[in-house]
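To start, the structure itself, in structure tokens.
Every chain is named by a letter (A, B, C and D) in the order it is written, and numbering of its residues begins at 1.
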Amino acid sequence: MNAVEMKGITKRFPGIVANDRVNLTVKQGEIHALLGENGAGKSTLMNILFGLYQPDEGEIFIREKKTEITGPNIAGELGIGMVHQHFMLVDPFTVTENIILGSEPTQNGMIDQRKAEKEVQAISDRYGLKVDPRAKIRDISVGMQQRVEILKTLYRGADILIFDEPTAVLAPKEIDELIVIMENLVKEGKTIIFITHKLKEIMRICDAVTIIRQGKFIGRVDVADTDESRLASMMVGRDVSFTVDKKPAQPKETVLSIRNLRVKNSRGVDAVRGLDMEIKAGEIVGLAGVDGNGQSELIEAITGLKSAHKGEIVLNGKAITNLKPKAITHRGVGHIPEDRHRRGLVLDFSIGENMVLQTFDQKPFAKGWTLQYPQIFKHAKRLIKEFDVRTPDIHTPARALSGGNQQKGIIAREVDRDPDFLIAAQPTRGLDVGAIEGIHRRLIEQRDKGKAILLMSLELEEVWQLADRIAVIYEGKIAGWVDPATTTEEEIGLLMAGGQVGTEVSS
Amino acid sequence: MQVLSKINKQSSIFTSLVSVFLGLLVGGVMMILAGYNPIQAYIALFQSAFLQPFDIGETIRTITPLILTGLAVGLAFRTGLFNIGVEGQFIIGQLAAVIVALKLDLPPVIHAIVAVIAGALGGALWAFLPGYLKAKRGVHEVITTIMLNFIALYLSNLTVREWLTDGADKTKEIPESASLHWNMLSQLFDSSRVHFGIFIAIVAAFFMYYLLWKTTTGYQLRAVGYNPHASEYAGMNVSRNIVLSMMISGVFAGLAGASELLGTAGYQAIQASYTGIGFDGIAVSLLGGNSPLGIVLSASLFGILTYGGSNMEYVAAVPREVIRVVFAAIIFFVAANIVRWVAQRRKKKVIDKGGEGK
Amino acid sequence: MINSLTDILATTILYMTPLLLTAMGGLFSERSGVVNIGLEGLMTIGAFTAVITTLETHNPWLGLIAAMIAGMLFSIPHAVASITFKADQVVSGVAINFLALGVAVYLVKALYEGAGQTPDVQEVLRKMPIPGLEKIPVIGPALFDVFPTTYLAFIIVFIGYFVLYRTPFGMRLRAVGEHPQAAETMGVNVYRMRYTGVIISGALAGLGGASLSIAIGSQFSESTIAGQGFIALAALIFGKWHPFGALGASAFFGFAVALALKGQLIGLTNYVPSEALSMLPYILTILALAGFVGRAEAPAAIGKPFETGGR
Amino acid sequence: MKLKALGALLLSAALVTVAGCGAAQDSKGGSKGQSAGLVTDVGGLNDESFNQNAWAGLQKAGKEMDFNVKALESKRDDEYIPNLTKFAREKRTITWGMGFKIQNALEKVSNQFKDQHFAIVDTDMGGKIPDNVAAVTFKEEEGSFLMGVIAGSMTKTNKVGFIGGITSPLIKKFESGYRAGVKAANPKAEVKVVYAESFTDSAKGRALASSLYNGGTDIIYHAAGGVGKGLFNEVKTRKQGKYWAIGVDMDQSKLAPDHTLSSMVKRVDVAVYDMMKKVKDDKFPGGEQVQIGLKDNGVGYADTTKEHVPAKVLKKVDDFKQQIIDGKIKVPANENELKKFKP
């Protein structure tokens, strides 16, 4: 029996056809992958299935019955549940509160907290989710938050579960756990639609794949009949190489060294706890680790956005510990920030204005107190051209650019300042394959120019491909150094989870 | 509270004009239903604002402080701050100006300049406190500025009664040397009280434009207003910019107070309640889209309606409060962007894609 | 001494009542994610309607109900502009203040032949002692011999807390203010919740205004409200958007006023000018905020317009 | 939104139409030459106080002596000049400015329009009255003195109160007279004085009154405008016959008929009417200060005083009144005079 069948779905937005006659057939009890690049129209299709959008054309059959899904409520009644990529969780609420929101069990008009907690516990136990029903969302890990998302759908009795890029934020160990959970779910008779662009995961757990590209339906194949490279070319429309071309690193003198660094997080708890690290000119050091192990605090301490209360950060032989961000920038640190919308850009400024975010008050962009717009624009035009930032013109607000072009803009700005040390935090998050390739090439190019680069990424794959050495961070300390050429996924996974590994790479 | 850049971008002159027209229409409907004659009322209103040189002069005088308080609110908005305290900074501006005018003995012109500067500094000082508390202690500026308004009012009354006079209701008239009264200008408008303050206001509007869009300081102020996190990342001192923004806002408010005192009133009296000019500045700024030119235009409209409202009451016997209703309606129409909404309804189903991707 | 304590407490209660009612109103609006600067205006319209209705019907209870209804009606433009039209919520709130004061004073003038204030209401709400409890020393006369609106205010705090934190409605309302998209995916109608929040704020602020005009006072004029709505807004923020916080903040403000008044009565004005004492409540509030309260955590989605399906 | 907003407006407007009005403050006299204008202070025309009184007097004069009379309300202090100028330009025979706040404005405008008459109430213009201006002031201290006599004679607790509006010389006149009156009638009685620093905050008035009463005060006199409303609201809820309020400016007994001992009335209407008569008779007292006190019946106690004040006390009051009229008692008008005052 087909659990879901979507036929000829078309959805238009102003200027864009997000879905163009897309078909999707999912059999009962299978894990079905929906594969496509960012912006291919996966999310639109799923939002239609979930009732958030109405299709302009096409039909939907749920369990072989034609239906119209006019809202999330209807989807819920049909047993469709969605695990969102950006978690739809209310931070100050408890796990239970998040789960029961919208369909609260009541007694005399009051929420029956105890009953709800019991029920949540029961479902959690049944599928092996191990969540604490009373914990507040803001206090639990990302992996745990994702399980709360899953619990939300199960609590509502969903048997068709949509997982929207669920592994993007998880550590390898957590991914393993998630896969076990998914298998449990299928065992219990659930059907899963798995949105992703990670081919390995598809090969590992899925039964079938539907591929869409630029809003169009490309095909449906059984996983048993295909392989990674074929899926990749169907997704991208051309052949894709999985390895990043790079020569071996030629590390020179030490550019950055960190000794016994301690940094508190926003809640006043030590997030970086006595961390040591050295990065040399001409190498990329990858910082791997599960989200929330002190990566962000480390980077903010290096760049002066957070103060370290112990330890030392030395750049080119001079201490930069707890200097102001401006001073650190001047001494030659470039920073591609983790969250480009929050930190990297002033979205309401034009892309041109964003290009001088740190240098607006220096010559030639300013003369005394006045800004020299002609110079600023000239500079911006050059960067946009050199780094291939696609924008109608330099006066376009940064907000209006695509994620990839925003990121290219930031990289252009940071790289052009010619820093000795470049921090790239999650540089390709949320970007499509084409953009990722370009950004990776830029980073390698900078390395080859003799820059020291710290690459922080939650995507192990990325660290692996780019880094010359990998530092695994666990609970605010470097748990171990590994050589990407020789290490195994198990080894890194173990380090990320706090285990000990015998091998140590000398630096 | 987020920066109000949105309305600025969307409100074209056309939107504003249509909104003004609709607002007057609402006022007219109210008058008809209450049995008044709106045509007669509006004629009386605009006649009084424009017909005679004296009235034109007085209208300009009414507009003057509104421009300045509008700029004060607008500048703060631009940098992500909601300065409800313009009223209090206005009062302190008056107070500082009158103190200098009465207590110092300086030659003409210089005396006036010093008094104006004192007013500006007074306003800046009064705005420094909420700015500092916001930047350093995270105290919401809306609360502190509301509180400081009350404190300013009492402080002014106290100073007038205990220090500037011997228990009197109001201070002496300021000396000629400190006055912003300019005989030539006044004579031009049939000895109305239009005074030098209007030039201060216009210069302030230009200054705001230049500061925000042409200088490094302005670049930082705007960046901090739009995105404090990115500004911090880029090495700007967010706290300092918040304090600075409040203080510049306070300077505008203080200038409004000083120019009102030195140009219009000529003395400081014990006040039973607020003048309302500071609060009106909020509306002026919002209608003007927080841009200097917009603020000058909306202050003009507000001034015309306010000044003309008195004559409307006199001639057509329509309670002038209807003007407040008209203004409220205009703000609603501009804020809800009624024009764009209608246009969208025509096109149907057109959703602004630019609003996505947050 | 005991007498003074009772006195201070009684004045505190008197002053905090309208603030508390209005702040509770603001709480519902802002918890749903809609900033409400218009509380001042909603109080104004409530105060006006209560007086007019009581003058016509000679029944102050009808006055209270009418004030709530009028507050609700006047909150609708704010809801429509800021929720449906996605207008800036601060702007819309400012417009509400203009509109309410304009309409109220316009109508007073139109109804009473140009008068600046309404006639005096004879049938005001009187203090209602609770037999037995009012006899308790010190707190009895202050807490249990008060206006019905004061009891109402305290009841509303508890009901408000209960509704917000114990009922599905409250949970949904808070969820909408924190993360509307999350609430929407759970089948909560964000628009409806926000409309409800804003309209409740209108009702309670209307009640707050009425408590000033037909319980504490007995008429309406342009200066009946005179900034109380803004102080209520401050109390809401001071109280960190929590019912008991609002209670504490209103009480603190009332207490500061009471201290200042008491200071005059015991002859402090021989040493300190009375204006200085009048400033006291405002100075204390700033000190309290700067000293121990510090950063207030607003509902996460406050002030942000909501678009279906957006992220 | 438009529809709903309009709906609300329609509703409110319909209310108005039902009430059926549209007040015009214009009472056309129809005379050719003679006309008068009145500019209120920010209190507005219907302030239940001196603006309203003055307007009543002017209207009466208009009717009886065939003046064309008109009034202009001022919303803010900066409107005094345009309003006065408007009447001056209309070449009105006389233009009235109400209240001390209007003094500077009237000074300027009268200087500009030298051919026309102006009159101002409640200030002597610092002693320098231009030739085309007449200044009318009241001896509020004399009326307040009588209130003090009533309070001092009738207090059972020997504690009486005074609530002032914003501290200012004018209000100090009321306070000084009142204190002197209490002292004269009952040297043992203590006067508790508080200022609300507001003329509008009736809640503050109520809290102050409540505290005063709780502290043993049994009679309170106020000179605090709208703040005084709070006094009446409070006294109404208290035991009749034990707690009393005394009103000001007009007979305020209707605010709390069973609790109002008396009111100090200030007959602005009479003063205005008399002045208009002088204008009519071409005897305009330009450059002069017209001081109106007990003697001229410009201040005094309200007629309703007899309802709660026993005849014995009333007689005493009348005695004092006569002494003041005869000049035997000089009532203090400020704190310094009060210090020297000996009954």
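Quick notes on this structure:
Heads up, the rule we're going with is that a contact is a pair of C-beta atoms (placed from the backbone, for glycine too) under 8 Å apart; a residue touches a chain by one contact, two chains touch by 3 or more.
If you want to know which protein each chain is, UniProt gives these names: A = Simple sugar transport system ATP-binding protein; B, C = Simple sugar transport system permease protein; D = Basic membrane protein A.
All values reported here derive from a predicted model rather than from experimental measurement.
C-beta contact counts were set side by side for C-D and A-C; C-D has more.
Using the mean of the Cα atoms as each chain's centre, the chain most removed from chain B is A.
Chain D has its Cα centroid 34 Å from the Cα centroid of chain C. Centre-to-centre separation of chain A and chain C, using mean CA positions: 44 Å. Note: centroid distance chain B to chain C, computed from Cα atoms, is 27 Å.
Each chain gets a centre from the mean of its Cα atoms; for chain B and chain D, those two points are 34 Å apart.
Under the contact definition stated at the top, the residues of chain D that touch 2 or more other chains are 1, 5, 9, 12, 16, 21-23, 25, 167, 197, 200. Touching of two or more other chains is recorded for no residue of chain A. Annotation for chain B: residues touching 2 or more other chains are 30, 34, 154, 157, 161, 273, 317, 325, 329, 332, 336, 357-358. According to the touch criterion at the top of this document, the contacting chain pairs are A-B, A-C, B-C, B-D, C-D.
Residues of chain D that touch chain C in their complex: 1, 4-5, 8-9, 11-12, 15-16, 19, 21-23, 25, 43-48, 167, 192-195, 197, 200-204, 206-208, 210-212, 214-215, 226, 229-230, 232-233, 237, 254-255. Those residues of chain C that touch chain A in the complex are listed here as 162, 166-168, 171-172, 174-175, 178-179, 181-188, 300, 308-309, 311. Listed in rising order, the residues of chain C touching chain D in the complex are 3, 6-7, 10-11, 14-15, 18, 73-74, 76-77, 80-81, 84-85, 103, 107, 109-117, 120, 124, 126-127, 212, 216-219, 221, 223-224, 226, 257-258, 261-262, 264-265, 269, 273-275, 278.
Of all residues in chain D, those touching chain B in their complex are 1-2, 5-6, 9-10, 12-14, 16-17, 20-26, 42, 70, 72-73, 75-79, 81-83, 85-86, 89, 100-101, 104, 112, 165-170, 172, 197-200. In the complex of the two chains, the chain C residues touching chain B come out as 35, 77, 80-81, 85, 87-88, 90-92, 94-99, 101-103, 105-106, 109-110, 114, 223, 226-227, 230-231, 233-234, 237-238, 273, 275-276, 278-279, 282-283, 285-286, 289-290, 293-296, 303-304, 307, 310-311.
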